[in-house]
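Look for subunit A in each of the two complexes below; its partner is subunit B in the first and subunit C in the second.
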Partner chain A sequence: MDALVLGLVLGGLYALLAQSFVLTFITTKTLNFAVGEFVALGAFVVLAVASWSWLPDIGKVVVGLLVAGLIGALAYRFLVLPFMTEGEHDVRWLLSTVALSFVMLNLITNVEGPSPQRSETARLGGSVDVLGAGVSKQQLLIAVLAVVVTVLLVVASKKTPAGLVMRAVSQDPETTSLMGVSPRLVGMVTYAVAMGIAGLTGTLYAATVGASPVMGAPLLVASIAVAVVGGLSSLWGPLLGGALYGVLSEFASYEFGAIWGETAGLLLVIAVLVWRPQGLLGRRTEVKL
Partner chain B sequence: MSILDQEPRTTPRNGDRTSLGSARRLSPPLRDGLFAVAALVIALVAILPGRDGAGTSISLMQLVGSMAAMIVAAVGLNLLMGYAKLVSLGQGGFYAIGAYASAWFILDAGWHPLLAIAGALALCGAVGAVVAVASMQLRGPQFSVITLVLAILVERILNEAAPFGRLAGYPNHAQHGTTGLPSIQIFGITLEPPMIANTVATVMVPVVVLTALVVIISRNIARSPWGSSLSAIGESEMLAAHLGVHVFRRKVSVFVLASVLGGLGGVFTTLTFAHLQPETFDIFLTITIVLAVVFGGSGTVLGPVVGAVGIVWLEQSDVLAEVSQLQQDHVSDSWYLSTPGLVGVLFILTLFLMPKGIVGTLSAAVTGRRRHAQAGEDDGAGLGETAGLDADSDAVPDAEPHAETVAAGQEDTVGKHLLEMTGLGKKFGGLQAVADMDLSVDRGQIHAVIGPNGAGKSTLANLLTGVYRPSAGTVVFEGRDITGLAPHAVARAGIGRTFQTPQLFGDATVLENVLAGFVDTGRTPLWAAALKPPSRYRRDAEMRAEAERLMRLVGLEQFAGLRAGELPYGKQRALEIARALAGEPELIVLDEPAAGLLATETAGLGDLLISLRAHGYALIVVEHHMDLVARIADEVTCMDQGRLLSRGTPDQVLSDEAVVAAYLGKPMEEHR
Partner chain C sequence: MNSFTRIHKRLVTAAVAVLALSACGGGGDDDASGTAGADGVITVKLGVVGPKSGPASLYYEYMDQTFETFSDDFEEKYDVRFDIVSEDDQAAPEETARAVSRLINEKGVHALMGPPLSGNSLQVADVVQKSQLPWLLPGPNADEIINYDVQPNWGFMTNFTNQQIMAILGERLWSDGQKVGIVYSADGFGQSNLEHLKSWAEENGHELTAEETIQPGASDANAIIKRFKDSGVDSVFMGITQGADTATVTRAMEQASYQPKTIMTTGTILTDYQDVAEPSQWENIQIVDPRNFLEGGDAWVLDQVREETGEEPAIPTNNISSYAILDIYAQAVKEVGDATDFEAVRQAMEDIETVHIGDLTIENPFTPEDHVLYDDDPANWLTYGFDKNFDLVLKGTAAECLEKGC
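Presenting the complex of A and B:
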């Protein structure tokens, strides 16, 4: 039971970050492999403005989100867009985002030092009892936020003009551009939102483990796994993938030791990809001649 | 059988035809021999400074060992990433497996060193096979993700599993009483790693020789039909399948090959350093291997070699550290980049400034100049050609009554057609795209399929060539049931095809495109591609002569050296037909061959198709162009809404009111 509750909560954290992969994948068919560094970026920006006593905590969190979002949009414009021009097999963007991740990680490490720093912004102390398992309030907040963000994104994509544009671009960017919508702009906005979510995740997560340059790396692996399991083309995917991945890895580490936790989760990815390459909730696109 | 073994009178011309830009070139066996000798010489010269075991040469020998390891890993990755366009982020994982497994087999398991190394490579191959089978349905980012997952898993296991000593490294004092693997002995020769002053680092000899061999073999593979099949897969898996390549198996094979070479890189590390630290096998390693390929030039033979040498040198020399120091002195002592960040910047700059890498950029410049010069020479010849398909009656050998003899042979098997479709149907979800279609064609016959847009013509072509699996009905070809076979199996059975939009290797030359059409692309075994036996040279020469004949047949002879993407549209169609012919098919399915052609080109196409018929080919032509259909077809099938609407001679069908109605709509009164 403990493993189930803790797994779901942990899955919530991964699901929140996985949402940023799904968002960029739906609209641009790209993934930002530097997401882990945007997590750290968000955390450190909030840390930097922590001393602004005139700004309430929520404002500081928004600053972190905006900065991460802005840099995310720029990263798309200058490091992703130029490297996805040659059709669907062109995955140079994958290399350029990995390179960006190196640069950001190195820069953050050189500026802030490698050791974790305590972050008090947007921090909920204490824990609550959920079905007999003690869950820290901060983790619960992140998990609840994952659900809220997912619902908001789904509603936005179904009900708002921006959501319509997003879905249109995802289905057929060329035709959409003929309708007067710039896929480039849509891509930048999506990257801004997605990296904003990553920055937000970083801020909230830093309150539990402290802000450090490498804080995003373990999250990156788990959340890519979650996004792939759930299906990169489904906004609901991260919640399902997060739940499965979280519970499975928590259960495996509970039973067999910590190293098996992550291993079990990654084996889940392989199993799902073999069985359903598009992920559990993803849609498969047919090749047309 | 086909026109392949006819036309003796043009063979003498092959001699001067092969001179297309290659007059100054050496014969292929000599060129390959020189390359091999050069590779071995360079490898041995690299370890000359260590011949007396002087202490000062140790670090240089270690650098050479690191480079050799990176070279073989990058060469392996290049086959996967540069040719088959499968970007793997897992090469570092195989490198780590190779390094740790060989060390563990030697020390803990006590195996003979050769057995230990073979075992480590076999383990890499086995892991590679499992990952490949698991990931082969994936493309692009998902494939990269799953390989990244593998690399991370391996890294975690090495960092946390007790038998490998965790951060103490392997071997370590606590577990093994030593921090270095014992020197290994093979056939009574002790192979010393470059560790101790005044001891000759004998292990470097097999390391560099093997590296040279790997480069030679990978060059053979890349330039063989096996290599073209990888490029075909990289271009389009569907196209590769239509060229007779078993795509799944080929992808698994190349992944396993890349994994084994990655593992060999790890083995070299073990041999050179005799001690392993888990933190050297992190994500940074896997990315460095990818960078080596991209930096040097992915999809080129020498690219990964140059890239690997360059990257290892950069990382191990003081250059990056100095750049980092410069920034701290002049910019800021906190906002600066050190080695990993600088490697990232280098990576981004490479992608921006040299997307083809060092070797790719250089060779593009050289061939560009050569082609430029050649274009000047060819000008006169080129002008005489009309810009379309022309089945110049001189190029096509006069039809021997081949068709008739074949047709006569067919009389024995009464009622058996070359191809016979019965009751063929295909449903996409609730949509019945094709329903209950019968169709047959014989050698020396052109069967045209017409019908308004959406009638199911292309679906029919795709059902026939194995792109779709029929929901109902059977297809029998040469008396054999081929219903539901995969595209590569259909192609091997003897059915070639062309596509609605020409599917060519745009960056490859016209000649290379035709060469890719031969059955060798799907059938050459890996060992033959790697070792290049004399029979390969003979077959290459044969294929080349045949390809040149086919190019003449479709009017492409003076474009042999041009990139396929630069051809005018009509010529691209002709090239596709030549490539289909190279596969020695009995039946060719042409999907709208006249779409987008000029009137003169269409006429040329008609001549070509008629001459193919005269040579005994069976043709199924899906076409909209009624003049063409009326001129060439023996039998016409008109489809509407997935069903047979009318069948008969062109005159009968084209004057059928139902056909006219399907195209132009019914007269108003009938709607009432």
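Presenting the complex of A and C:
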């Protein structure tokens, strides 16, 4: 039972971050490999405004989210968009986002130093008993937030005009642009939301592990794995992927040792890629030739 | 070509230039001949390799702090000036190999200091040994770095080794028939800790009940603690490189209400732990170390670093070790009078009679089969706990704690 509960909670952390990948992939067919650094960026921005006593914690979290979102939108405009102009086989954005990751990592390290810094903003101390397992309140908050964010994104994509535009651009950007919608703008907004979520994850995660330049890196592999397992084209995917990845890796860690946890999760990714390359909830795209 | 593309090209060129410059080494002085100049001072070209940038940069910073704080002292005491030629290895093994090769073959350094991490040092050990340059190792703990089968040996370590700490800790961990578990970081330091704990246990008729590894930056250690609990482990040793990862383990202990009777670790907890842990998580942790952080010469080194740099010592244990190795090397160069006579300098280091760390002196630390500054006599090691502010509290010597408990 412990493995199940703690796995679901851990999966929530990965699922929240995996939404960053899913969002950008659905709309722009790109992935930002600097997501880990946006996690750190969000955490450090919140740390920078932590001394603003006039602003409640929720406001500080929003500042972190907005700054990460703004930088994310700019990253799309200047480091992704120019490198995907040659059609769907143009994947130069892959290199430019990796380069962005290195630049951001070095910038943050030079400004803030390599050591973790305590972050008290939006911090819930202590743990609670969930079905007999001791769960950190902070981790539980992140897991609950993963569900809330996912539901909000699904509702927004299906029930709002903005969501309709987003889905239209994801399916046929050229036709959508003929109807007066700017795929470029939609891409920027999507990147802003996705990187805002990454920044939010960073803020909440930093309250547990401290804010450090490399804090996002260990989450990156698991989050991509979760997004792939759930399906990069499904907003529900990260929740399912996170639950499966988290529970499986915790179970393997409990049974065979910590070293097997991540390995088991990655074996799950391989199995899913063989069985359903589009992910468990992803939709297969048929192309007429 | 439109202006946007031109701007892009300029940005890319600038970025490449910046990256290229950052990859280059720093320092270097044409006057660093290794022999006495007109002022009677011997300027030594000291190659220093370590992670100047990246997440592990604290492991370079402690060396930097030591140079900044004590260079003038060494010049005054021994008429030896250090001209630092540094290379950034970013703690990446492949970069370490390149950096060491550059320092030895291109920069022509008179001695090599670093790399500070055990795994990286292990990787270049053969190369440095073959280069026949004095190798100053204030940081690493892995015994395997120095292979005494190869003589003469060029490496000198001024940190304790993992074999030594296990000799000190073994009895304590297994006292009263306790079941022992180790959680170790997935790197050279952690692996060396595991191997030496296991071999100490084997040699002394004990058995390690559980062994678990933690990846750097792991998001939780719940499974590790659960396995310890299920195995009945009541004595835990944490051989973890980063204090932040140690915090992940102690956080999981608290979360699972797991309270082993004994929790021991090393001085690595002094770095990065306090900022991400709570007093309730460190109240039962103890460390052992051959250095006295609270008074005497070791404490003087730390105070001097604080005063001179205005910063906290980056890694207190290694700040002291760096001072010690520079004292040893500077004495040897002064005695030989020529830093380029490498074999004579090496021999002088091996034969050194007294190492000075402030007012602390260590007599005759080295022999051809022992290039490690400290010994493994429990009477010479100290046991520390922590108060609620994470200030060290001296519990007694390791021998005393073994005898009457701490």
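Methods note: the second predicted complex is superposed on the first by the 289 of 289 C-alpha atoms of A that agree within 3 Å, B and C clash if a C-alpha of one lies under 4 Å from a C-alpha of the other, contacts with A are read in each partner's own complex, and residues count from 1 in each chain.
Note that a residue touches a chain if its C-beta (ideal position, glycine included) is under 8 Å from a C-beta of that chain, and two chains touch if they have at least 3 such contacts.
Source: prediction; values computed, not measured.
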Which superposed partner A:62 touches (first subunit B, second subunit C, both, neither): neither
Which of subunit B and subunit C A:103 touches, first, second, both or neither: both
Subunit B versus subunit C as contact partner of A:91, first or second or both or neither: first
Which superposed partner A:273 touches (first subunit B, second subunit C, both, neither): first
Touched partner set for A:116, first subunit B, second subunit C, both or neither: second
Subunit B versus subunit C as contact partner of A:82, first or second or both or neither: both
Contacts of A:26 with subunit B and subunit C, given as first, second, both or neither: neither
First (subunit B), second (subunit C), both or neither touched by A:259: both
First, second, both or neither for A:17, with subunit B first and subunit C second: neither
Subunit B and subunit C contact sites that coincide on subunit A, given as residue numbers: 82, 99, 103, 105-106, 110, 258-259, 262
Parts of subunit C lying in touch with subunit A, wherever the complex brings them together: 4, 8, 15, 22, 53-58, 186, 212-224, 226-227, 244, 247-248, 251, 254-257, 271-272, 275-276, 278
Residues on subunit A engaged by subunit C in the complex (per definition of touch): 2-3, 6, 10, 13, 82, 99, 103, 105-106, 109-110, 113-118, 125, 127, 134-136, 139, 205, 208-210, 212-215, 217-219, 222, 250, 253-254, 257-259, 261-262
In the complex with subunit A, residue positions of subunit B that touch it: 85, 87, 89, 131, 133-135, 137-142, 144-146, 148-149, 152-153, 156-157, 160-161, 234, 238, 284, 287, 290-291, 294, 334-338, 340-345, 347-348, 351-352, 355, 458, 462, 467, 499-500, 591
Subunit A - residues contacting subunit B, complex: 25, 29-31, 79, 82-83, 88-89, 91-92, 94-96, 98-103, 105-107, 110-111, 221, 224-225, 228, 232, 258-259, 262-263, 266, 269-270, 273-274, 277, 287, 289
